[in-house]
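Next come two complexes, and both contain chain A; in the first it sits with chain B, in the second with chain C.
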Partner chain A sequence: MMYALIRTELYKIAKRPRSYIGFVAILLIVFIIEFALFIDGASYIEFIFQQLESFLSIEGKVLNGYLVCFIILQTLIIQMPLLVALVTGDVISGEAANGTLRLLLTRPVSRTEVVMAKYIAGSFYVLLLLLLLGALALGGSLLLFGEGDLIILKSETIIVLKSNDVLWRFYAAFGIAFLSLSVVSSFSLMLSCFTDNSIGPIILTMAVIVIFTIIGSFDLPLFDHIKPFLFTSYMIVWRNMFDQPVDWGIMQTSILILILHIILFLGVSIYYFNRKDIHT
Partner chain B sequence: MNKLLAVGLICLSLVATTLTGQKAEQLVRNIQADFKKIERYTADLNISFDIPYIKIDPVKGKVYFKQPNLFKVKTEGIAFMPKQNPFYLMELISDPESYVCIDGGSETTPGSIIRIIQLVPKDHEELILAKLWVDAKGNRIQKTLLTTKTNGTIEIKYIYDNNPVIKLPTSMIFGIEVGKFKIPKMMSADLNSRTKQTTSTPSLTQGKIRLNFSNYKLNQDFNEKVFNQ
Partner chain C sequence: MDSGMVEISQLSKTYQDVPAVDHLDLIIPQNCIYGFLGPNGAGKSTTLRMLLSLISPDQGTIKVFGKDLKNHRKEILSGIGSIIEKPDFYLYLSGIDNLNLLSRLSGMRPDPKRMADVLELVGLSNRGNHKVATYSHGMKQRLGIAQAIIHNPRLIILDEPTTGLDPNGILELRQLILNLKLDGKTVILSSHILSEIELIADHLVIMNKGKAMVQGNVHTLLNDQELVVLMETDNPELAKEKIHLYWPSIFIQTISTTELQCQAPKELISEINKVLVESGIKIYSVYYKRKLEDYFFKLTGN
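Right, the complex of A and B next:
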């Protein structure tokens, strides 16, 4: 029964035109960045390294597929959660607004199963988005720019990773990105349970992510006390996969916190939805 | 009598200065003569780095050289190299008329006497001063300190093996000055990092790049297109 529910939810996602906005947006962003770097990447690299090149000269192929993929992932930090929220933010509230929720719940399935089916379908959508991103950003960039060592720019440090030590980090980064986006999808699902307004949870999820990200990127000491409590602080932990050496302690903690967030948001969703009065 | 003694001492010191100056020049010429015998060479290269703010593993590569000053390092990946060409010095000493040689005395180390020689270029596009520490017995440069117009000062230490045929170093250690750099947050992978408070003037810190040479091939042909790549 659960399988049939998930299939129905996937069908609903596939039928909505807005589900394709994410794919188109990723396609466009990746294509624009790859095209721009292919045409004028050398001057971009020169601009980034101009301070360093006053002391040292850099030998080797700096602009390569791995660096381009990293730049693309870096650029999509804020956009990807918004694209996910666009689809997962109204999975329940949208049905409530359309008046199909009551009909759905007349089927011989528990409300918990309904919430879980919607979450799993949302996660499948997230997975598809990431697979497309991986194919275009990693596969496409490698095809266009070739392999090479990866230079990771930190604000005051530079890390150079050997080309044969990079690919597994990207796979792990995509895995962590999936977990991070699942947090967003579970968060928006939770908000979706609270209201019968279709657009509200989507806007609220986007607003929360934008506000949390802004707080996370500010250097104010006051915000240092708040940052550990923002789930967005752990969503960018995929970049730590490119540290040398990887701090597995931070990775484990962050992954655990992300999983706990998913459990918490799903738990609240199930708890609330099971007690919710369904009027439509 | 005292006047005579004073004049004598001055003359003696002038003669001594001239003699030691000539010796220093001769030493530089000997080094140049030895180096001139190598018209070209290639060698395998292993570069290791100890540069502040940069984490990078050792890199393998190959080095190509052709007289008078064509020099190319090809690496199997990304590497950071000193901005200064290490062969500025050889280019300078190839023409004895292009510099003034000043004897800076000597240092005694176990088993050898190290002569300190300063070369002041008369008209060089980049080099202001070159200070050399030369093993007088083996005619080998042990250390150089090159002061350049645009790229600061660079120290190069030379390490040799006991091969009497190949008078080229097995290792060159570049001491470089690296200033603190900052990459804009939107370009770095550090959105959540705290920016450390820094003083208004960026401080320079010392870094090292070590080039280990092996498998020298002297005066053997290679494709010179490598210098244009």
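Right, the complex of A and C next:
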């Protein structure tokens, strides 16, 4: 039955026009960035590295596919959760509002199965979004700009990664991005269980992510105490994959915390949904 | 009474201290058309939703097919088809897509022949491939009936199934419900249209304020009741005197210069008519109001 439910959920996602907004948005953003950098990327890089020329000599092709992909990932990291929430935020509340939840729950399926099927289908959607992003941002950039060493400017350091040492880091970064977006997906699913209003959980998910991200970006002592409790703090650890060397301790802790968040959000969803009276 | 298809015992549900269903006991026999009647807020929908496990009862038990709903939910639901309140579907999918999706969730493999038969039965053969968003309310109602029977359930719950149907559609639905009974199914029919229930139900419950006011076989229940008989005559006052002379206990009143109304058992109507005609009073018409309507209003106090 679980297989039939997942298949049903995927079919519904595929048939809803809203599901394609994310794909179109990624396509447009990646195309715009790649096009702009292809036309005017050299002067952009020159401007960034201008201040470093006095103490650093840079040779070779700085503007390469890896750097462009890194720039795209940095840009999209805020938008991606919003695109995910657009689809996963109303998987239950939307059906409650439209009355189709009643149809679904009068079939011989358990409510736990319904929640899990919706989460798995949502995760599959997230995976497809990331595969498209990977194909366009990494594959497309490598095709357009070619390979090269990846030079990243962090707040106080310059990290230079050899071209043969970069690809696996991107794969790992995409894997962590998948985990992070799955947290968003389970969070919006949980909010979706609490209400029969279709749009509310989508807006609330977006608001929470924006607020948490803003808090996370401020280096204030007060916020430093809050940050460890915000799941968004761990969603940006994909960047740490480009440290030299990679701090595996931080990576492991962050991945564990992300997984625990998914379990928590899904657990609350299942607990609440199993006790919910369906009046719509 | 035989062991029922559905057995409800001491079922209760309260919302903010107001009982929606109050210690309800109900037995729905197998292979019957069971009418569910009651004014708005009587607890009909809440009871049907609890029967489908959409709402959890505060107390009481529900047994369907002889099994406890709480412990055998999936098994029981696989044998039930239902329309609750209004027909809602995935509007961005076609009628056939909706039916395929729902029958798959009922554990059935999509069967094109069964699909074609059911669509034919509800009169949607030529619209099955169209998106539900383009359907009229009546067509959605027909699709609702299709989804309720597509997986060949033993028990069918129809909550206001005639809403939005034209007279032809109502007639076809009535025939469909009767055919379902002939096929050995049990149909629970909740409706505000009392004449509809009176025409096809063989058992009924009348609910009010969360309680079952009365339940049982329709004919047994209604035959015990006196009818309200309306007579059109040339002399209502004389007719009133004559009836009163022969049957002093009958409640009788003139309601216009040509009409008379009395309350009498069915078998007495022909006797009254005979006495009046023999007394030289012209009788132009004799008819009685729907029995269930009177019975319903008497019980619910509306």
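Note that the second predicted complex is superposed on the first by the 280 of 280 C-alpha atoms of A that agree within 3 Å, B and C clash if a C-alpha of one lies under 4 Å from a C-alpha of the other, contacts with A are read in each partner's own complex, and residues count from 1 in each chain.
The rule is short, and it goes like this: contacts are C-beta pairs under 8 Å (C-beta built on N, C-alpha and C of every residue); 3 or more make two chains touch, one makes a residue touch a chain.
Quantities reported herein were computed from a predicted structural model and do not represent experimental measurements.
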Touching partner for A:Ser233 - first (chain B), second (chain C), both, neither: first
Contacts of A:Lys162 with chain B and chain C, given as first, second, both or neither: first
Which superposed partner A:Lys61 touches (first chain B, second chain C, both, neither): first
Partner chain(s) touched by A:Tyr11 [first = chain B, second = chain C, both, neither]: second
First, second, both or neither for A:Leu153, with chain B first and chain C second: first
Partner contacting more residues of chain A (chain B vs chain C): B
Interface residues of chain A shared between complexes with chain B and chain C: none
List of chain A residues in touch with chain B within their complex: 48, 51-62, 70, 74, 77, 148-149, 151-160, 162-163, 213, 216-217, 219, 224, 227, 233, 236, 239, 242, 244
Residue ranges of chain C in contact with chain A within the complex: 49, 52-56, 73-78, 80, 82, 84-86, 88-93, 97, 101-102, 104-107, 147
Parts of chain B lying in touch with chain A, wherever the complex brings them together: 51, 53-57, 59, 61, 73-75, 77-83, 176-183, 185, 187-196
Chain A to chain C touching residues, read off their complex: 1, 4-5, 7-8, 11-12, 15-17, 98-100, 102-110, 275, 277-279
